[in-house]
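Below: the structure, in structure tokens.
Chain nomenclature is as follows: A, B, C and D, assigned in order of appearance, with residue numbering initiated at 1 for each chain independently.
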């Protein structure tokens, strides 16, 4: 294929992936449930019911920004790549699969945050990000494998530096998963902290 | 990065944001519920049930055009910007978060419009647009901050003029939020009026 | 604005609209409900339950292709336009609003097709397309108004010819709406017939 | 139309189709249901409930990658095409219709996998891919018909070779459909095997 066709091909996979990220992030709102109150919300009961749903809001905001960070990183990988092949296409697909799934553990955590099943729900929530981290690694390794797909102007040091940076997520979220059996709040705190770290790191470009 | 890469980068964030706006606007329809009638809709009961849902239709149309106006303004900011950085990316993300959330207060208002919880629901509805207005301000301030991201050909006067214009929304929606405790109809009337103002203002370009 | 900026602007509104069309068409699937059977689907009861849902399938297929035809026509209007202004933007928004709403009357018709409320549901279904037709006319009239937005190379005859063609839908769907009070099957038959006509007409280019 | 206009037109239909594929793939997550447990998930009951949903996960992953493979093939057809006409547009629409429907049989299979209705659900699931395969053939035949739409630089041998390759899916999924009346596991095994074959075949380019 010509360089122009390669670029078009790469652009189309990127656009498709962007679509999946955009939809996954927007579907999170379906997790927010309108409370159905027998008293129709009299005497401020609607306000109290909405406030009581705060774990839903925390879960939604955390998931939203986590997907956004994944999108920003995904985007950065595509900047380094000048063409795609089948392994890259399916590694990208695997990553997108995990992204599309995120609304499910988000809803699960929101539902069970203050119930006996909280630890399991929180472990599934953080565990999804462990899987996402592994999928991202696989995606990144496929992208750099043999430097077949990489643009010329990236030094091996730069590639290795990025590889190290992307590994941070997996042990972090693994710790958050284990922490679920100590305290659900700890899991959420670690997830939020990792998010802040990611955003801070990505500011350095 | 080169100017071409900057433009591609900016274009991709704009396309991603467009996707989120388009999905948020389309998910509003999920708020419309098919009435489940025990009599199967005999003797015109389906017609009456559908008419009784009119707050859902008002809420949907208002939210639809409010998101559309936000999209048009979002678009206008991107016209002024020639490159993006991490703060802009996350300020944009925050704005998109509020946009994706809009279907929730819309469904809430529709559900409680004629129930005792109406004031709370209306306050949450208008309050969401207050938050959206603040998020938009943050997004706009980040875009113009230090003029790092702005294209050259915009005068400081033009930038200040736009800044003033964008502030209109926040006090307007704050008034609509407070009005909810007087009358839900007043809240909706203010929201619709603000929408008409926005559309009229945007016609002037 | 420069011609290039005009074209980018037009392209972005077209891409946003495409997103809304694509999502509306895909959300139709949410109308298909998995039957919940007390016997778990024993003795072929699942097969019978799925077959009994045939009005859902007819409604989905009809709505899908009707939206697709609207998309193709929408696309054709954008081919004639070289720039956009605020009235065009909001006329386009109104059309998109009706498109996003289509999954609701589709689900309504599917639910009530064989119940006493069938006439009302069918009238709402076909009535939505009357509204869509009027919105399309408004959109088209805004596009050609004063020829401000039209590309140079379209003759007045060509524009008038298209205007006439687009009017066909409104009386056709109005007839289908009235027919609902005679027979629901007649409404569906008219809608399908109109669809076939539209597809045949669009083949002529 | 000019070659540039043809290319823009083709690109727009491709982008619209990409949107539908991206949304269909993301809507699959709505099939995953948060278990509602009376005991709030005490004593590990949430964990057991989540594990018991494994058919949902298998169905989601299988459908996800099947749609992804269809997307990759769809993309390949567009690479061969330099312009579109109305028959191609509607053949593409028919294919997209089947793609948007996939979340429904996926949810059906997940719900009935371990109930008496399993064979019917599995037959509907695999049967949907038979229909998708036929729709894909129709789409492909329309694309190559009379070579009106094909780019010049594809030999007749290459076209015939691709035609043969695309036929593999239909008898394969037909076998999976029939197998549903022997064993649901066999149906799933055949679907997964076909997926692996498709991915392996697509690696050869």
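Methods note: a contact is a pair of C-beta atoms (placed from the backbone, for glycine too) under 8 Å apart; a residue touches a chain by one contact, two chains touch by 3 or more.
None of these values were measured; they are calculated from a predicted model.
Shared residue numbers account for under half of those found at the interface formed by chain C and chain D, and the copies are therefore classed as meeting with different residues. Chain A and chain B carry the same sequence, and matching their CA atoms takes a turn of 90 degrees, rounded to a multiple of 5.
Centroid analysis (C-alpha atoms only) places B farthest from chain D. Inter-chain centre distance (chain A to chain D, centres taken as mean C-alpha positions): 25 Å.
Distance from the chain B centre to the chain D centre is 35 Å, each centre being the mean of its Cα atoms.
Shared interface positions of chain A, i.e. residues touching 2 or more other chains, are given as 15, 19, 23, 27, 30.
Taken in their complex, chain A has these residues touching chain D: 5, 9, 12, 15-16, 19-20, 23-24, 27, 30, 85-87, 89-90, 93, 96-97, 100-104, 107-108, 111-112, 115-118, 120-121, 124. Within the complex formed with chain A, the residues of chain D that make contact are 14-15, 18-19, 21-23, 25-30, 32, 34, 36-37, 39-47, 50, 60-61, 64-65, 68, 71-72, 75, 79, 199, 202-203, 205.
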